[in-house]
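Just below is one structure, and these are the notes that go with it.
Letters A, B, C, D, E and F mark the chains as written, and numbering starts fresh at 1 in each.
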Amino acid sequence: MADDNIRKIMHVMRRAPHGTIYTYEGLEMILIMAAYEQDISVVFIGDGVYALKKGQDTTGIGIKGFAKTFMALDGYDVEKLYVDRVSLEERGLTEGDLLVDVEVMDASEIGRLMTEQDAVIHH
Amino acid sequence: MADDNIRKIMHVMRRAPHGTIYTYEGLEMILIMAAYEQDISVVFIGDGVYALKKGQDTTGIGIKGFAKTFMALDGYDVEKLYVDRVSLEERGLTEGDLLVDVEVMDASEIGRLMTEQDAVIHH
Amino acid sequence: MLHTINKSPFETSTMETCSRFLQPGDAVLFIEDGVYAAQEGNRFSADIRSIMEKSNVYALRPDLEARGIDRITEGIGVVDYQGFVSLVEEHQVNSWF
Amino acid sequence: MLHTINKSPFETSTMETCSRFLQPGDAVLFIEDGVYAAQEGNRFSADIRSIMEKSNVYALRPDLEARGIDRITEGIGVVDYQGFVSLVEEHQVNSWF
Amino acid sequence: MNIGILLKEGPYNHQASDTAYKFAEAAIAMGHKVDAVFLYNDGVTNVTRLMDPPQDDRHIARRWGELSKNHGVEVLACIAASKRRGISDEVLVEGSGITGLGTLTDIVIRNDRLVIFGD
Amino acid sequence: MNIGILLKEGPYNHQASDTAYKFAEAAIAMGHKVDAVFLYNDGVTNVTRLMDPPQDDRHIARRWGELSKNHGVEVLACIAASKRRGISDEVLVEGSGITGLGTLTDIVIRNDRLVIFGD
């Protein structure tokens, strides 16, 4: 490893936002690990892609929204954001529906990246 | 209603046993409501049918088994046990695989029974 | 009977299972992550339309808004929490998770 | 890489999703409610066989026993908790819920 | 209409608790009686006064306690489910209590509807 | 092999806690080092000493505490997740502690594997 204290850690967002807290607490984990200067990537698979959907307004459900935090990841040097192509397409979404710039990738390529990680954490 | 203190309460077992506690705590609820002499029915839908599978031995996972409690329901006058036919068949199971005598029913018929209840509780 | 569904049809079989038990006159209300079913043009639009042949179908507005779902399959009614309560006035409730 | 799957394929899309990401040499271990996938003759037998073309597939014995699953799809390895640990020695882990 | 609510999941981790609260609020605003909120499974953890969420977030336990105080809603955790999860009189928020499943049966008997929130 | 464990669900309600424990036990029996069990999401509720399950059932919090004492496994709950759910020093079982997500990062750094249990 290049640096003894840097690990490749992939965070996999798998759940829709708001119905459960996993995406939000996953984001809190990502921010801390980024502050510890780990080599972070974030992958959106299945309903996880909905976390990036534009136009979320959580006022009505009384839960604090966090979609904008994804836009701030850049400032924490978390720049590797990957979206699974099939997950996006089968939900009738396109890149234009998403809040942030991501790389849309095939599952086989994401699967290959997974094998290169020191840890893979699903949220 | 025939008796002012008797309600028709349907308990719907929907989850596989052991992976979560819902089936077990559902059973605890059924036993108490039966002791309060309510008009109880228990329906097994989806992975809920696995709760009745013969030959469960939970020694290895270190969780107390409860499959036999279904066999004791009879003693609490809980006799209306219904299994959704499609759920059973698509899991490759037959009535012979189940611990207790149940009535295998079509979804439309179970759906009709649901509409007759004072309360329907999914576990 | 009012069936509430709070799970995304993409991730669990809850909606599919529930739909087999619907009776004429039953209503369906999508809440929480269930509202993704109501999004226009997704691969469940046909299932939703087939449910609508039997039942009135609703989706909870605050949950739609929270998830940024603006285009809804035609024919789905949109209700707020008070509309949810009104549906509960009209029907017994069957909550599917 | 060792992929663990703890969800029944009948109720969630977890197994189906995971299978799209498998790489040659990856292994799959079914645990908890995931072990229902391993039952012989259910409607996922074909999916399991297609996963086995790429990957070694295992199921956790104590979870099979807890659920009364005695007939397993041919070719699936059965391991106990120590076998689970051995698989973790051989592979990095990717736990799918 | 008299309404009983059964809440089967814990706070923050699942939206169920929020939806149950919003539903109860709306029902009360429309003049219905929300008789009780019965907490089962992980739902019992809704009423620990030890929860301490961020300042700008809702305090779910306190919110249930206030609903109880302001609108006479009984907020009751199942005792067996509570014991498994470390919920006891020692940690209960004001306005909540612990009781048995017999009480849930009574709630079903005395209300027109049982509305259930879970995950 | 040095192993870190991340546990994302609470006790009793989800098997995740039991599987994590059985896995840790097996790894230790095979001579591996289980460095830490980090509790996140509802997982933080694994270590409340107030849980009081039926006599013939496992006591999950105490079991984690003993694993810590007997085998030097750190059992640590995330502080932010704990605060939301009412887990504080006041209720911690002996052998467990509360810490930040930085510690989880350290656990990833210093171990060969991070094995995750959830639902």
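Everything that follows uses one rule, which is that contacts are C-beta pairs under 8 Å (C-beta built on N, C-alpha and C of every residue); 3 or more make two chains touch, one makes a residue touch a chain.
Owing to the predicted nature of the structure, the values given are computational and were not obtained by experimental measurement.
Asks: Which chains make contact with chain A and with chain F at once?
Replies: D, E
Asks: Can you tell me the least number of steps between chain D and chain F, where a step is a move to a chain it touches?
Replies: Shortest path length, in steps: 1.
Asks: In terms of C-beta pairs in contact, which of B-F and C-E ranks higher?
Replies: Greater number of contacting C-beta pairs: C-E.
Asks: Farthest chain from chain B, going by the mean of C-alpha atoms per chain?
Replies: Following the centroid criterion, the farthest chain would be A.
Asks: Approximately how many whole Å separate the CA-defined centres of chain D and chain E?
Replies: So the centre of chain D lies 38 Å away from the centre of chain E.
Asks: Chain A to chain D: how many Å between their CA centres?
Replies: So the centre of chain A lies 26 Å away from the centre of chain D.
Asks: Could you grab the centroid distance between chain B and chain D? Build each centroid from C-alpha atoms only and quote it in angstrom.
Replies: 27
Asks: From the mean C-alpha coordinate of chain A to that of chain E, what's the distance rounded to whole Å?
Replies: So the centre of chain A lies 33 Å away from the centre of chain E.
Asks: Send over the residues of chain D in touch with two or more other chains.
Replies: 6, 10-11, 13, 32-33, 62, 80, 92-93, 95, 97
Asks: Considering chain B alone, which of its residues make contact with at least two other chains?
Replies: Where chain B meets two or more other chains at a single residue, that happens at 18-21, 46, 61, 63, 118-119, 122.
Asks: Quick check on chain E: which residues sit in contact with 2+ other chains?
Replies: If we look for residues of chain E contacting two or more partner chains, we find 8, 12-13, 15, 19, 22, 41, 114, 116, 118-119.
Asks: Going by the touch rule stated at the top, which chains touch which?
Replies: So the chains that touch one another pair up as A-C, A-D, A-E, A-F, B-C, B-D, B-E, B-F, C-D, C-E, D-F, E-F.
Asks: Write out the stretch or stretches of chain C touching chain D in their complex.
Replies: 10-13
Asks: Can you check the complex and tell me which residues of chain A touch chain E?
Replies: Spelled out, the residues of chain A in touch with chain E are 18-21, 61-64.
Asks: Can you tell me which positions in chain F touch chain A when the two form their complex?
Replies: 6, 8, 40-41, 80-81, 100-102, 104-105, 108-109, 114, 116, 118
Asks: Which residues of chain D touch chain A in the complex?
Replies: Where chain D meets chain A, its residues are 1, 13, 17, 20-23, 26, 92-97.
Asks: Give the list of chain B residues in touch with chain E in this complex.
Replies: Answer in residue numbers: 5, 7, 9, 21-22, 25, 28-29, 32-33, 35-36, 38, 118-119, 121-122.
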